[in-house]
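What follows is a short report on a single structure.
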């Protein structure tokens, strides 16, 4: 590992040390050797999150009504449904109502309706109430655990005859010319050097008329396809990293809370959330845009600091942290959504397509709705025996004409305004809200997170000494994520060449799971710690799919 | 008057030490019944060395039942013999050790008697004439308290819990030959356990070392400690020393919570937080030996010794060897 | 070879144990249930024996609530041929009650081998297999870590303190399996699909009255704060004493 001598205080651009996506591994020709079994499906959905499962359910329902038979398969890399799902969450129920018109509200997988909400500006000691911005009003919405939502959706999908294969990550796209023919799954049972162990299982090829990529945030195959097909977007996608905990509390909470300000530095975008799943079961987290400037910023550490603020402390003191997790969120909004999310034999759903509205912190109902639109398009295309790009482009039309893109358009510049920092951004955002997005109009251009220059500002990001009661180390967090990944698993992260010490330390601060450590001047990679948040893929070593069942085992995140 | 039967174990004609614990536990149960006797029973091919000592642990009588086929464990023969004795003797409780043999034998006896079995019990009591047993469940994350109605109560006792207390008392001795075959299941031989195959992930005791060992050759010190535990301990290595090539991958003590589950974990020259320690905290015992009194491991360990591992570990090896005689 | 494997649906080993309001059982909210890991060795062994014999049937049987069908499907996905669920609201705490119900189902099956995992990772009872054997008057070997089968008989190896017991037994027999017997296969994609079509019979079952009652499920005793026993080699004797008498691990 190279050292540039006076590493401290020098600026660097993360992109310089990031290897490109390994397209030669991610895109394989149909018929390429190496697969064990081969399975033929009508529709293959990659990812059993809200988008993928809503797509599967809508497809199954359409087939049922049509008295036809569709062989639908959903691949999920987690060992069981929901184990890699993480969100706040406060859910807009409209997609549920459309997909399940006959299910009474009480039976939907929500924890409770939002009764009270607060937005506050924090300083290191004080809590200053703010009027709730119109984009954030949550009346009529429901507090939920995404894990529970996914398990509920999964049960319904399976009841409708959908084949859900958990523990099977999609590792590569299989293509026929320009057409996506399906995916190849990851192999299981390799040792650290890539040699097969006693329980080795070869990858499987799954081929289908249409493949729907619903991989969630920073989807690997989605990125690969977009790059391969040269699909542009007005802006590159940008991301935030959220670190979340669930606590059993002594003191009850009856309101959802969002905060801005402390402990974030003013040149970082983000805020916190605290939601009651039950009065004494509280979900809280901190979300920070990955375009922060200080190379020492550590979101997990910031969350630990944040919990010491009286606003949070009053609830958490004497309680117990029962879960911990992390995930990135696509934040680019309208201008970062790819020009098309469909092609020959393929559609892209949900977070993988960037359907997330940051100002309202909503993505789940957009994900589900996109899944439903895709299902309708796919169903028609298969019926007409025509899964061509032209036919599947209907999915794009449906999304563009829907509330998904209308909502994203209205807030298209809000997050981007914050690239100018908290105060200027805040002012701009206020103006945008007041004018329904018309002022300032036009697109705010942004660069990708990896292109944003970083610098270590000593003292800007003080570390924390975890006390094991209120604050915890990354290692304790990873344990509470339920991560029990096999230690001898091959390393799934692709590191750039000659990473200098200061960049390595940047990685160490970046990763909430402690995958990267700088020890004796070398970058040490604790790959089994990885909880698949994808922050590394955005700013550091590239993330690639690994053995099924690896990673976290979230229960109620 | 209540009667409790303690089933002892012998190997190669000598009483196994765990039998002292069984008698101790049986005595505790008998005392809870009040006005009760403890009979100790051992099956063998001939006289059993050490059987006469159990009076000192609380047995009123030691009964040796001999049969040519009983030299080694004969599951069906033993079960049949015990059941006959229990029925003839009108015992209120039958107590086994939760050893490999005991856990195999106790269910057979219980089923034959049509009685439930409380396996691996850590505490016993009597309430309103019924036996109350406490046993660990969910890998020790909880304790289950159960009540056994009716007679006899059949229990097996977890080893290392009913610490034998010796009294200056002798019990009566009785011996008798019993008829019958060993049964359909025959123990042909007892082989030595294959050396060095104890998996770090499985071992009940793990002795783990880190960079504090200074060089690969120094792991010998840990190997000697592990050996002193008599085949129940494996040597683990921190990720750092495995990455440095000092120890094979198979020895790596896991980063993630799953891979280590010992009852006793001795961390030697390992300083930092290791994820799996968070998982072990609920049910296992962690000992740390480190020369830095501020090493984070001491926060996680149940017991610690601050000192030079090259002095402490050999002394520990010596003491453990004494214990295991 | 006709082989029956008795399996159990248990909470995942990483489950955080929370005691239910009744004070006698765990709170199942959010608990992930899996096939008892020791039963996986039993299922795998059954599959291998059948494959080796070239013909036969592997039947998986579980006693449990309706949700245990999912557990049976996992075994079917591994390759078992059919499943039977003896449906009961709760799995009894008394192993003899479980054994009685299973024995009734197994009796007329004509099985060459009946396999169990050595114990379940929730109750650690370590008894149902040998109890079933007694009720069916079949030979039984427990905690089998190595197995060889010839016509009409078998040899098993099992771990005991300080050694390995080599045991011979005739068939038909009941065996309980231990870790190390084999490396269980992961269900293949095709296996998962095929499992949905394999026969799974659900038989409502009443559990006979037993002699064992759960009084309470309690948290373990509070863990004492760690202590530094002393410095240097001089502290070793005290450490060993504490490990013996206080921690009770030696």
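The first chain written gets the first letter, and so on, giving A, B and C; residue counts start at 1 in each chain.
Just so we're on the same page, contacts are C-beta pairs under 8 Å (C-beta built on N, C-alpha and C of every residue); 3 or more make two chains touch, one makes a residue touch a chain.
Small disclaimer: the values here were computed from a predicted structure and weren't measured.
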Checklist entry - If you take the mean of the Cα atoms for each chain, which one ends up farthest from subunit B? => result A
Next on the checklist: Of the chains shown, whose Cα centre falls closest to the middle of all protein Cα atoms?
Outcome noted: C
Checklist entry - Which pair, A-C or A-B, has more C-beta contacts? => result A-B
Item to check | Computed distance of Cα centres, subunit C from subunit B, in Å | outcome: 20
Item to check | Centre-of-Cα separation between subunit C and subunit A, whole angstrom | outcome: 38
Checklist entry - For subunit A and subunit B, what's the span in angstrom between their mean Cα positions? => result 48
Next on the checklist: Where in subunit B do residues touch at least two different other chains?
Outcome noted: 257-258, 279, 299
Next on the checklist: Give the residues of subunit C touching no fewer than two other chains, as numbers and ranges.
Outcome noted: 14, 16
Next on the checklist: Where in subunit A do residues touch two or more of the other chains?
Outcome noted: 484
Item to check | Contact set on subunit B toward subunit C in their complex | outcome: 16, 73, 75-76, 79, 99-101, 103-104, 106-108, 110-112, 114-120, 132, 135-150, 160-161, 163, 183-194, 202, 205, 230-231, 257-258, 263-264, 279, 281-283, 285-287, 293, 298-308, 311-312, 314-316, 319-320, 323
Item to check | Touch list for subunit C against partner subunit A, complex | outcome: 14, 16, 30, 32, 183-186, 188-190, 192-193, 196
Checklist outcome for this item: subunit A contacts subunit C in the complex at 36-37, 39, 80, 163, 165, 167-168, 185, 188-189, 198-199, 201, 204, 206, 322, 482, 484, 553, 555-556
Checklist entry - Along subunit B, where are the residues that touch subunit A in the complex? => result 239-240, 243, 249, 252, 254-259, 273-276, 278-279, 299
Checklist entry - Tell me, which parts of subunit C touch subunit B in their complex? => result 11, 13-17, 19, 26, 93-97, 99, 121-131, 133-135, 139-143, 155, 157-170, 179-180, 210-220, 223-224, 226-233, 235-237, 239-240, 242-245, 247-250
